[in-house]
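Several structures are given next for inspection.
Two complexes follow with chain A in common, the first pairing it with chain B and the second with chain C.
Presenting the complex of A and B:
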C-alpha cells in the first residue's frame, strides 16, 4: 500500500528532474535530441499500453495513427499554412475515424489474428501515402516548411528546447490518461477482457465497446504524437512514419520490454532502448556498421530472456531480494 | 567507500554495480576523448552514409570516394592556408532510417564540431540531414538528386548533380536522340517496372515523357519485386514489337530480365535507370550479356580517367558514379577550405556559394567544373547516357561528352 502512495511522489519528482535536465545542456545539441526522442517513444509506448497492455490487444499497426497525425498536420500546414496545433487535432479526429473503421471488424479478433489484421492495416496506409504523391509527396517524403525564427503557434522553434518541453508535457498528460483509465471503470473492464473475455461478457462487460473506446483513445494520442514528431524532425517519408519496425513494433517493444500494462513500463523501456540503440550506432557506426544492429538485437534478446515480464519486474525482483521480501512480487501494481 | 557499510551480499553487489557504472561511464566518455585527440589541428568533416541495410554497398562506395580524396589531400600536406591542417573524416552510419540520419548529423555537429557534412546517397536520408544542418548553419554537400533537396530555399545545401526531374527527362530524351542518330524514329516503347515506390514513380516519369512526345507505350507492366520467373514478361515484350525497353528495377530483377531477354535473342536497346545498372555487380552478374545495355548516369568515370583510375588502383573496381560525385563534393569542400583559411562553417558556406571550382577533384563532373547557383544547384552538371561495352561503361551521349560510339540494334 505504501508503494501506491509513494508512486505519485516519485513520478512528480521524476517530472521535476526531467524538466530541469535541459538547463545544463546545449539547447541545440545532440543530448537534447536523444532526450526528445526518448520522451517521444516513452509517450508512444504508453499510448500503445492502453490497448496492448490493459486489454492485451497486441496491435502492430499503430504506425498508421502516428503517420496519419504526422501527415495530416504537415499537409495542412503546407497547403493552407494551418497551425500544427489545429492540424494535430484534425489528425487526431482522422486517426479516431480510422481506428473505428479498423476496429469495427477487427475488435472481435483475438491474439495473433488481431495482431495480423492491425499489421496489414498499417501497411495499407503506408501504400496509400506512397502512391498518393500529389498530396503526400510520395515515396520521396514531405518537408515541414522552414521558419527560421520559429513561433509557438506554428510549433517551430530555433532550438529543440521547446520541443523537449512539449514532449515532456505530452508524456505527463498521456501518463495521466493511462493512469485514469487504468484505475477507472474502463481499466477494470479492459483487465477483465485481458484475463478472460468470455467471463467478462458473462458478468456484463460490454467487451466490444470497451475495446473500441480504448482503441480510439490510443489512436488519438498516437496521432498527436505524430504531429509533434513532424514538427521536431521536419522531414519524414512513408517508410519512416508508417514503418513496421521503426514505429509499430518499436512502440510495442518499448512497452513490453519495460513491463506491459504498467504505468512505469514504457518509461523504463524507452529510457533503456532509445539511448542503447543510439550508443550502439555511435560505437559501431563508423567501423562496423552492421554490428550496431546486431548488438542492439542481442541485448534485447538477453533482456527478454532474463525476464519475460519486463525491466520493471526485474527491478521489483531485485528490490524484493534486497529488502528481504522474497521472490514474489505483485505484478498488478504499477 | 562501499566497504564501510552493508552486509556481505550488499557489498558484493554494490561493488559490481559500481564497476558496471564505471565501465559504462568510461565507455560513454570514449568517443568524446578520441574526438578531442583528433580535433587538435585537424579539420573535421562529417561523412554520413548508409553503411548498413539495403543501400550499404552504395554507402561504402561513396565513403571510399571521399576517403580517397581526403587521403590525397593529407598526403600532399593538408590544407595549406590553415598551416597544413589535415582533414579528419568523421564517418557514421545513417542506417536506412531518416530519423537516425538526422540524429547522426546532430551528433557530429555537437560532439565533433564538423565544419561541413557530406552525404547521404539516399534522398530521404539527405533531406532529413539537411533539416538539421540548415538550422545549425553547417554546409551540406550531396549527390542525392531529389528535386526537393534544393527546392526548399535552404542556404546550406549544395547539390552537385542534376536534379531528379532532369535526369528522368534526359533518360527519355537521350534515348530518342540516340534512336534518331541511328536512323530510326522512336514510335513504340515498353516499360516494365517493379511494383514498389521506386518503380512506380520512375515508370510514371517515363510514361508522361512518352505521352508528351506522342510515343506509344506498347507494353506497360508492373511485376512484383524479387520476381523469380520473368518469361511471361519477356514473351509479352516480344509480342509487343517495342523498339526500346525500359526495365525499371534495382540489381537482382534487372539481372534476370536482361539475361532472359538476351537468351531469347531479344537484342533491342535496353535502357536502365542508374542504381543497379551501372555498378560492377551488373557486369559480374551478366558477363558478356551486359554488353550494349544502356543507362542514364549523373556522372561517368570515363569523363576524367586521370582521376578516376586512382580509385580503381586503390579499391580494385572502377569508380562508380556515387563515389565520383562524392569525391567531387570533397574536392569542392577542399577548395572552399583553402580559400576560407579557417575552419568556420559560415566562411566555408560563403566560398561554396561564390567560388568556381575548376581544380582538382571538382573537375570530374561534367563541364570540368562545379559552381552552385542561388538554389545550391550545379548548373554545369548534365546527365549522361552510358553503355556497357566490353565490360566497361562508356559515355555515348550527349555527343560533345561521348567517349564511344553507341551500339544501337534497331
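Presenting the complex of A and C:
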C-alpha cells in the first residue's frame, strides 16, 4: 500500500522539520520551552499509548512512573553526583518494579476498575512523596543541583537547545518502540486483549503476561522521560510530577484526543493540547489555572462526540471527504 | 486400547444454586469425532468452558493426554492442545480476518510463520477471498468460519466446535462436514456441539447426550436414537419446537 510507504517518509520529513525549527528561535526564549514541553508530552502520550492504546488498559496512574524517574535521578545526582543517565536507568528499574507490584492487584481489573485502581496507586505515591520529606524534600519541592560547567554526561546545558534535541531524540526512539510493538507479535496479542480478552485466552494468548510486558515497557519509558524533565526544569515538587491532572490525565488525554492506538495519535494530541494550554495560561494568567483543565474536558467531550477515534481519524475523514475518497472505514491508519 | 486423549471424571459446575454441569464422566480418544447434543440450556457450552479453562470446574477431574488440566488458565490449556470456538462468536471484530487467524498462529509460531500458517488455513477453510475484510463486517456464517480458522491456527489436538453450523445452508453444512472429516484424517480430534440432528448423525461416530447438566447417554448415533431417556429428554423438552425452527428439512 502506498499509505504504508508514505508514512516513513512523512515521519522522516517531520523529524527534519522539528530538528530545524529551533534554528530560527531564541534558544533561551519562551517558544523553545513550549516546544520542549510539547515534545515531552508527545513522548509521554506515546508511552501511555502502549498500554492505553494497544491493550485498552486505561491507566490514570502513569504519573507514578514519571515522578519515580524524576525523583530517582535527581536524588542520586544530589547525594552522589551520579550522572542523570545512570540515575535515569535506575529510575526505569524502580518504575518497572512498581509496575510489577501494581500488576498483582490490577491486571485482572477491567475498564473503569483498572482506571480507578491505577489512579489510586498514583495518588498513593504522590502522598508518600509529599510526606517522605527526608528523601524527597516534601511538598516544598526539590532542585536539581546546578553544575556550572554543564555537559552532556551530566545532562546540564547553558541553553535549552540541547534539551530540545534530547526530547526530540527520545520522541523518535519511543515512536520506533511503539511501532515495533504494534506491528509485532505483542501488538497482535494486545489487540486481541483489547478486542476480546476471553477469546484471546482461549486461543492461547497469555493475557496477563502480555499486559505485564506492555506495562513494564511503558513504565520504563515514562520514568526516563521524568529524568529528562527534571534536567530540563531544574525544580519540581510532588504535586507536579506525581499529579493526576498535570501528568496522568494529560498523558491519557493526549493519546485519546489524537487517536488512541495510533502512532500519530499522541503527536497530534500533544501538538494541539500543549500550545493551547500554554496560550490559555499566558492569556488568562495563573489566576485561571483551572481553566485549561476545564478546556481539556470540553475538548475531550467534543472529540468523543464527533469521532471517538480521535483527531487523526477526524482529519482522515475530512481529507477523504475533500478528495472524494468515501473510505470512512479505513481504520488501518497508523 | 491406547490411553484416552481426554478424560473427564465426575465434573460438576455450579452457578449459584444452578448445577449447569452435573457429575459428567466420559473419555475421548484421539481421532474421534464426538457429537455433544442436548436441549437448550443442557450445559453443552458450559462443559466446553470447563474443558478449555474459561471457568474452573466446581469439582471433578479433567485430564488431557493423561495430565490434569482442570482449573488451568485457558492459554495453558490451548498450549497443551485444546481450544474451542465460541457459540456466540467472539472474534477480534476490529481486526481483519487474516489478523484474527494470525493471532491463533502465534501460540506456536513466530509472527512470519504465523502469517504463512494463517494463509494456508484460510485457503483450506475457503476464506482467502475475504482475508482482508474486517471481522466485524462479516455475516454470521462467515464469522463462524473465521472462528474455526482461528482455532485451527493454534494447531489443536482436540478442537471443540460450538454450533459452527448454526444458520448454514445445507450445502454449507456439507462443506463443514467435509472439512472436519479431512482435518480429522490429518490428526485433529473433535467434539462437536450441534442442534441440527441430520448433520450430527452424519458427522459423528459417537454421541454424548446432556440433559439438565447430566450425561444421560453415550453411544453410537443408532444407539442414541433408540435410547428411551434421550427420546424422553428431547420430546419432554423442546425437541419438536427445535426441529420445527431449523431452516432446513430433516431426515
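FYI, the second predicted complex is superposed on the first by the 310 of 334 C-alpha atoms of A that agree within 3 Å, B and C clash if a C-alpha of one lies under 4 Å from a C-alpha of the other, contacts with A are read in each partner's own complex, and residues count from 1 in each chain.
What we mean here is this: contacts are C-beta pairs under 8 Å (C-beta built on N, C-alpha and C of every residue); 3 or more make two chains touch, one makes a residue touch a chain.
These figures come from a predicted structure and were not determined experimentally.
Which of chain B and chain C touches more residues of chain A: that partner is B. Contacts of A:191 after superposition on the shared chain: chain C is touched, whereas chain B is not.
In the superposed model, A:239 lies in contact with chain B only, and not with chain C. By the touch criterion defined above, A:199 lies against chain C but remains apart from chain B after alignment on the C-alpha atoms of chain A. Within the complex formed with chain A, the residues of chain B that make contact are 10, 13, 27-28, 31, 51-52, 56, 90-93, 95, 97-100, 102-104, 106-107, 109-111, 123-124, 127-128, 130-131, 134-136, 146, 148, 152-154, 197-198, 200-201. Per the touch definition, chain A reaches chain B in the complex via residues 26, 28-31, 33-34, 37, 130-131, 133, 137-141, 143, 145-146, 158, 233-240, 243, 246, 278-279, 281-286, 289-290, 292-293, 322.
If you check the complex, the residues on chain C that touch chain A are 52-54, 73-75, 78-79, 83-84, 86, 90-95, 99, 102-104, 106-107, 110-111, 114, 134, 137, 150-151, 153-154.
Against chain C, the residues of chain A that register as touching in their complex are 184-185, 188-189, 191-192, 195-196, 198-207, 329, 331.
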